[in-house]
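Structures incoming, each one as structure tokens.
The same chain A turns up in both complexes below, where it pairs with chain B and then with chain C.
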Partner chain A sequence: MSGSGDSVVHAYGVVGAAEPVTLPMTGIGRTLVRLVELGELSIIAGDLPASTYGEAAWAEHAQDPAWLEPVARAHHDVLQSVVEHSDVLPLRLPGIYPDEEALTGAFTASREELHERLRFVCGCREWSAHVFLSAAEPEEPAPAAPASGRDYLLMRKQKVEQKGSSRQARQELATEVYEGLSRSARASVVNLVQDRALSGRSEPMLLNSAHLVARDEEQDFLAVAVELDRYVGAAGGLRVEVSGPWPAYNFAQAGDEARTSGGRT
Partner chain B sequence: MSDVERISGGDDVALVDLVDRLIGGGVVVGGDIVLSLAGVDLVYLGLRLVLAPAHRVDVAALGNAVNRP
Partner chain C sequence: MTDSPETPRSPVYVGSRTPAPQPQNLADVLERVLDKGIVIVGDIQVRLLDIELLTIKLRLMVASVDRAREMGINWWEGDPFVTSIEEGDGDGSEAHQLQRRIEELERKVGEEPSRERQR
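Up next, the complex of A and B:
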């Protein structure tokens, strides 16, 4: 099919050639999934019709959730099924190449870096943590009527300060969650929090982080998460939610973990 | 009682969490098309905003369908 122009090659991820990998039968658009071998690495790939998934289709539909959702889910499902049993380096979308020659050319040029990155995530999977404020802001008792304009202003000022300090206290608790989880992880990153429209939740999100956890330390990581959830729940009405295991999307690119030190450079 | 959920993939995964990972994360291996589509990154923030409400509607519709007696 190489270079025919009717199809493009989509790359899902990279695995070590020495490791046995069980692939799902099909991926995006129910097309077959196969391995392209490249020395010590194998690329999980598939041929897709260019008219539906080629460059022009991406340029036209990338912002359309109805088009993107099935593509994203199918890409993820392939990687998710591989990461259940094997180490895999997930590729960012869009991962399309005009033909197999272009695919192997691009991957050959990045071979060293890919190999190093695969070693970095070796034996680990990604876990995500979200910290939410679990209840709405506590009701404040009705204030006594201020005796004077000066009293009123004083009261307003105290109220604003209280609000600020409780917000700061909650943020510090969220930071404690991040640090606690990071101690049980090989690497950790902080991502942008999702605003309420995006998370679909009425409660504000205070932390959105990803952690690279060794497979045999996942139970410990989860135990720490449960403990932190209890602690910040009691101390500040926060809730810790963990999801995973994910393919290591947040740790696939060299330098990803440097995002952790965002505030301390 | 634990507040920690374990999600094993599939439809439980929120689309926004997927997009954050699939377009915001993952390794980039440059090819002509990938490079020419680098602009996709630029529309990513806009896309993040578009996605959630659309997905919420789907979930609600699904919930109604499932709960119908």
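Up next, the complex of A and C:
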């Protein structure tokens, strides 16, 4: 299975061994997915052909979105189907090990941390929030051509100032969204906003955050999101979009969470 | 809305007005699997650290262009994969246009006062 030079072991994530886990049949490159037992933990893993997914392949193709996208999606799909029913600690890519011995060695060395993080995400899933500016800024009718260079600069200055204040107001609304959602979450984190090239959206993104939400509090969280969306939509033309549930990627690594709120009020 | 058993595989997108077009945004997936998640370092991981280049590139694409510029990084200029960042980017390009316009005006005023009106 593993251990020979023609295959590597890929680790998807970690689950508690006591928890019943429903694994998907296949993962990256349609290879089988299995559990590697490690005391109280189980590693979700699979054997991949070294020629297509080994170290050299990563070194060669990792910058190529056409190669990377299916690998990333397949890795995520495995974790996504597990998180539907059980807690899982997702691993970051690339997650390959030369053989099962190397895999268990590395995970045994990190056992404490894995236990601690699994406890942290226990009973929770991740929800993502994006705040977009929903409409393009209203364009004013073209003003009369400036009579002089000084007029031109004055006009520009006024326009920039106006823009600055509305931008600040929007940023404050986005912060309110984050704080509102955080109150319904166990932990929350703010990420850099995605640029349009990445998000594929024409509207600018004002907030990109992730929230760790208890499974039985997800409906409340969504209700808060809908309410906040209505509020910032009316107040500033913003839109709140929430997606989930995701495996708790943003809370898997210690120290990633910016703040652990005291949970709900 | 979401009180049915969760849809397997894809996170559900909950936009209260317009559902997002794609069921699963690639940016959201990449951001997570490349930049989040726990890292358990083995021998290969140590050697693969070079590949973090990719993460850095992604991170920069995710970061705002303005911030990257503050950091003095402008590699994306000329990179077809990311040039669309520049297009229609509110303030960055406006500031550029303004700067260009000022330079143009300065040139006209300074060098060729006689040609200030061409029409």
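By definition in this document, the second predicted complex is superposed on the first by the 238 of 265 C-alpha atoms of A that agree within 3 Å, B and C clash if a C-alpha of one lies under 4 Å from a C-alpha of the other, contacts with A are read in each partner's own complex, and residues count from 1 in each chain.
Rule of thumb we're sticking to: contacts are C-beta pairs under 8 Å (C-beta built on N, C-alpha and C of every residue); 3 or more make two chains touch, one makes a residue touch a chain.
Note that the coordinates shown come from a computational prediction; the quantities given were computed from them, not determined experimentally.
Once both complexes are superposed on chain A, the partners chain B and chain C clash.
When the two structures are aligned on the shared chain, A:W246 is found in touch with chain B and with chain C. Touch criterion not met for A:A214: it reaches neither chain B nor chain C. In the overlay built on the shared chain, the residue A:V193 is in contact with chain C alone; chain B does not reach it.
After overlaying the two complexes on the shared chain, residue contacts for A:E55 are found with chain B and with chain C alike. Looking at the shared chain after the overlay, A:V36 reaches neither chain B nor chain C. Residue contacts after overlaying the shared chain place A:P204 against chain C, while chain B stays out of touching range. When the shared chain is aligned, chain C comes close enough to touch A:R156, but chain B does not.
Common to the chain B-facing and chain C-facing surfaces of chain A are residues 8, 11, 14, 55, 58-59, 62-63, 65, 68-69, 72-73, 75-77, 80-81, 89-98, 102-103, 105-107, 110, 114, 117, 128, 191, 194, 197-200, 222, 225-226, 229, 233, 239-244, 246, 249-250, 252-253, 256. Note for the complex: chain A touches chain C at residues 8, 11, 13-14, 55, 58-59, 62-63, 65, 68-69, 72-73, 75-77, 80-81, 84, 89-98, 102-103, 105-107, 110, 113-114, 117, 128, 134, 149, 156, 163, 191-200, 202, 204, 218-219, 222, 225-226, 229-230, 233, 239-247, 249-250, 252-253, 256.
Listing the residues of chain C that touch chain A in their complex gives 1-3, 6, 8-17, 20, 22, 24-45, 47-48, 50-51, 53-54, 57-59, 61-65, 81-82, 84-85, 88-91, 98, 105. Only residues 2-7, 9-11, 13-34, 36-37, 40, 43, 46-56, 59 of chain B touch chain A when the two sit together in their complex.
Listed in rising order, the residues of chain A touching chain B in the complex are 8, 11, 14, 54-55, 58-59, 62-63, 65-66, 68-69, 72-73, 75-77, 80-81, 89-98, 102-103, 105-107, 109-110, 114, 117, 128, 191, 194, 197-200, 210, 222, 225-226, 229, 233, 239-244, 246, 249-250, 252-253, 256.
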